[in-house]
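Dropping the structures in below, format is structure tokens.
In the two complexes below, subunit A is the common chain; its partner is subunit B in one and subunit C in the other.
Take a look at the complex of A and B:
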């Protein structure tokens, strides 16, 4: 019981006993963050495919593969948070249809199996067949398996690849919206928590997902180009910047609307939320998320709409903006997940959160999950390099 | 039918069938008997060791304290709220390893230290540092079983 005295020092005012310790830590922040990056990257890819924005072509495959690499990791922070990996299949074998959280397995599988893998397969099938003939050893065998035995590369079959891939992308857009809207719904539907419970939550999550996904592809496109020592397609980068600006405006407007609505309504929870925002969340909300993650990128990208500086200056600025946006959206998730647990449901007190470095819920663990998708992406880019695709010229 | 679908449709069908077969074997026998959970878990949980004895058991032996307690402001409290879980002590009087008899300022202060967010009409509160600093512990003056009775 002695440890309680130590913990109580971090509590202000009156809180219920079960609110002292936060149940959802940094791993639960990573879950919506990584899922958002998936949805955002996929939506950017679909802009090229469905809405025929040809200038985005250089990032199309990169965006798709990024979405796949991050989707593979998306559920793992949850599994590691829950701490029982060998029971995780139960979410699929005994689905509780009345619970929004329990449906995640199916939302995830739908997106992975029906949307992403199929779209990438249709897109790469021609190359897989060619590569399986050209390469040697283990790589040849992997490509052979990946073709699933469909080695027909007649013009008719290739036309079907295109057609079916297109259909999948069209299905994929609402699916991407569903995936991340769903994650927002998980928080937005918790009616006992006034910081989360808003119908705008799924929409806000979706828009910030698009913001972060677009910024991630922008970031990766620049990094991959530098590593490969090829020239960055500035027209493409400018176009991504334009979309980032557009979505950022929408995201900023909606989040502000949500707050304005909260302030004007000033329900009984308002006082505690006001104290939360001006107290424990000051840095993460106003400085990290608001100023660094939203205002500075918005002003910079907005300025670029009026005046485009030289390429030499524009590149590092785009790079910086993409990093800032990624940083800001991470703290948007932080403010939602951590912020919602800092105040008591009695509205009379606060607990506090300090991120530990070690341990299963600590910083290093989170870093492992955050680095993992980049390693997976490196592997996928090695296996399926978009820049070595044959279909670009021939089909 | 396009050649791709000739492979994909059977492949997905195989996946789904394999999943259904795996599901058949993975679901525990007693699952769903009473609700969306494993019915056997009820017996398993019931078989876990008990930590709290409960007020009724304490009163059997400690009737003097219980009588005192019932007459005053702490009447609503269960014994183990302050003394800690003591099912073992209830089984064997000699086992007193978890029995708490502290009454320190910090211990009582968990409920009674001044906190503006706590209603003073419901719980009496004092500044645990300023309140009679010449005494060390609360129980030097107060009897927790009869809280208004001050010791000499």
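Take a look at the complex of A and C:
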């Protein structure tokens, strides 16, 4: 409890005495961040499938598998943050349906089981059958299990795979919107907290999710190509850049609208929120999220709409832009989650937050949660390499 | 058959009309303080006990006995980060600046550091759970571990709480904390274990000036009703429509 005594010394003004400790720390920042990456990556994948943007084909499977890898991890920081993680099943067995949080388990399972796993399975079923015949040892056994015993690869069956996969992708788009819009609602519906309570929160969360997911796929596509030593499809990269630019504009516009609206209405909470953004959130909001995560990528991608530099220069710039966007969106989550708890609900003062290095809520643990989806993705890419798919040529 | 049905519907119509007329009549009789009653929402059963609390700021001397008694009675952790009940000291200076303090929740009492000639006004505000009729904290609990008792008291089942802290975020009054030992949400129970045995809540019991009262909002002859009728009472943050059942007499506009 020493850290609380330390924080007590750094309280500015007056806060309710129960408000010294921040209830939600780095793990709750990771939860919307990772969930957003899932939703964004999936929406990028569906652009290819549903909206037939063929130039994005090289990233279609990568985006889907990325969504899966990150979704497997998405709920874990949340559960591990609970005071009683082993009671988390109660959310599924006895949900209190009036609670925004109660629906999380169902939305999560729907998205994982019905949307992502099914879509990937239909997409890979043909390959799984072929690979289970071609491979040896344990890999052969895994592929066999993954086919779930459905080994019919007649053209008729494959046509059905395609059709069902398409239907699931179509269902998947509103599901992805639901998944992340809903996460925004968890914050946006808290009327006690003026920093969170805005009807725009679900929309802002959704758009920033798309921004981050698209940036993640851009980043991963380049990294995976470099590791595999294959040529990056620049047309595809440019197209991703174009979408990233479009969604960034929307995201930036809506987030700005939210702030302009707050400033113009200047309600009871205005003074304390003004002090919050110009004080404790200066770096994370204006520099990290605003300048680095939004303005620089926007200007760069906007410039690319007018003039495309040579490939040699474009590649590292795209890489840098994707990193900046991922960095910026992380701090968008930070500003929401941490920012919303720094000021007192008495609107008369601030507590403070210092990210510890060790412990379940510390930096190192957060890093572990953040690295985990990349490890899972590496495994999935090894097991289900999109570049070794047969169906590309045959179907 | 047709006649019977028509009769039945006529009877229903008469019944409903009578009920409506009765309600209007009863509501108009409540006119002097109906705003408060409606602000607190409606009790599920008007024939049963439905608790509310009254705090008279004009009587509070800031001794902090209530906050101290609450900690002892309910085994609230002694560290200065956990309170089911606390007292705030508001000091408004002549220049208009507001200074609010609550050192150790007011348990050790207060000192006034502002010189008398600079003082515009100063007063104490005891705080505790508002036992809202439309409580945001019970609304957000994902598993229903926090709930409103039939007597209108917001409670937490610590055997069922998962410790997500969503309710702590949702309480506009800062009345909840995560218990460092049980790792579950904790808050004022209005000393449920005492009042169900006919005893007063600890904070009410020890208040030397009688600044705190509690009682049945359905009891039109009760002490709380008398308090509400005789004073101009106000709830905290009425704009949030939480249906707070903690009524303050003499609540200054500066208090949040």
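The working rule: the second predicted complex is superposed on the first by the 385 of 395 C-alpha atoms of A that agree within 3 Å, B and C clash if a C-alpha of one lies under 4 Å from a C-alpha of the other, contacts with A are read in each partner's own complex, and residues count from 1 in each chain.
Note that in this section a residue touches a chain if its C-beta (ideal position, glycine included) is under 8 Å from a C-beta of that chain, and two chains touch if they have at least 3 such contacts.
Remember, predicted model here, so these are calculated numbers, not experimental data.
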Subunit A as common anchor, with subunit B and subunit C clashing or fitting: clash
Which partner reaches more residues of subunit A (counting touched residues only), subunit B or subunit C: C
First (subunit B), second (subunit C), both or neither touched by A:137: neither
Touched partner set for A:100, first subunit B, second subunit C, both or neither: second
Which of subunit B and subunit C A:348 touches, first, second, both or neither: both
Contacts of A:84 with subunit B and subunit C, given as first, second, both or neither: second
Contacts of A:122 with subunit B and subunit C, given as first, second, both or neither: first
Which of subunit B and subunit C A:8 touches, first, second, both or neither: both
Which superposed partner A:155 touches (first subunit B, second subunit C, both, neither): neither
Partner chain in contact with A:190 - subunit B first, subunit C second, else both or neither: second
Where subunit A meets both subunit C and subunit B, residue numbers: 1, 4, 8, 13-14, 90, 94, 96, 346, 348
For the subunit A and subunit B complex, residues of the former touching the latter: 1, 4-5, 8, 13-14, 89-90, 92-94, 96, 113, 118, 122, 125, 148-150, 152, 157, 160-161, 164, 346, 348-349
Parts of subunit B lying in touch with subunit A, wherever the complex brings them together: 2-8, 11-12, 15, 19, 22-23, 26-27, 31-32, 36, 84, 100, 106, 110, 115-118
In the complex with subunit A, residue positions of subunit C that touch it: 79-83, 86, 88, 98-102, 105, 127, 136, 139-145, 160-166, 168-178, 180, 182-184, 239-240, 256
Contact set on subunit A toward subunit C in their complex: 1, 4, 8, 13-21, 23-24, 81-84, 87-88, 90-91, 94-96, 98-102, 104, 186, 189-193, 268, 340-341, 344-348
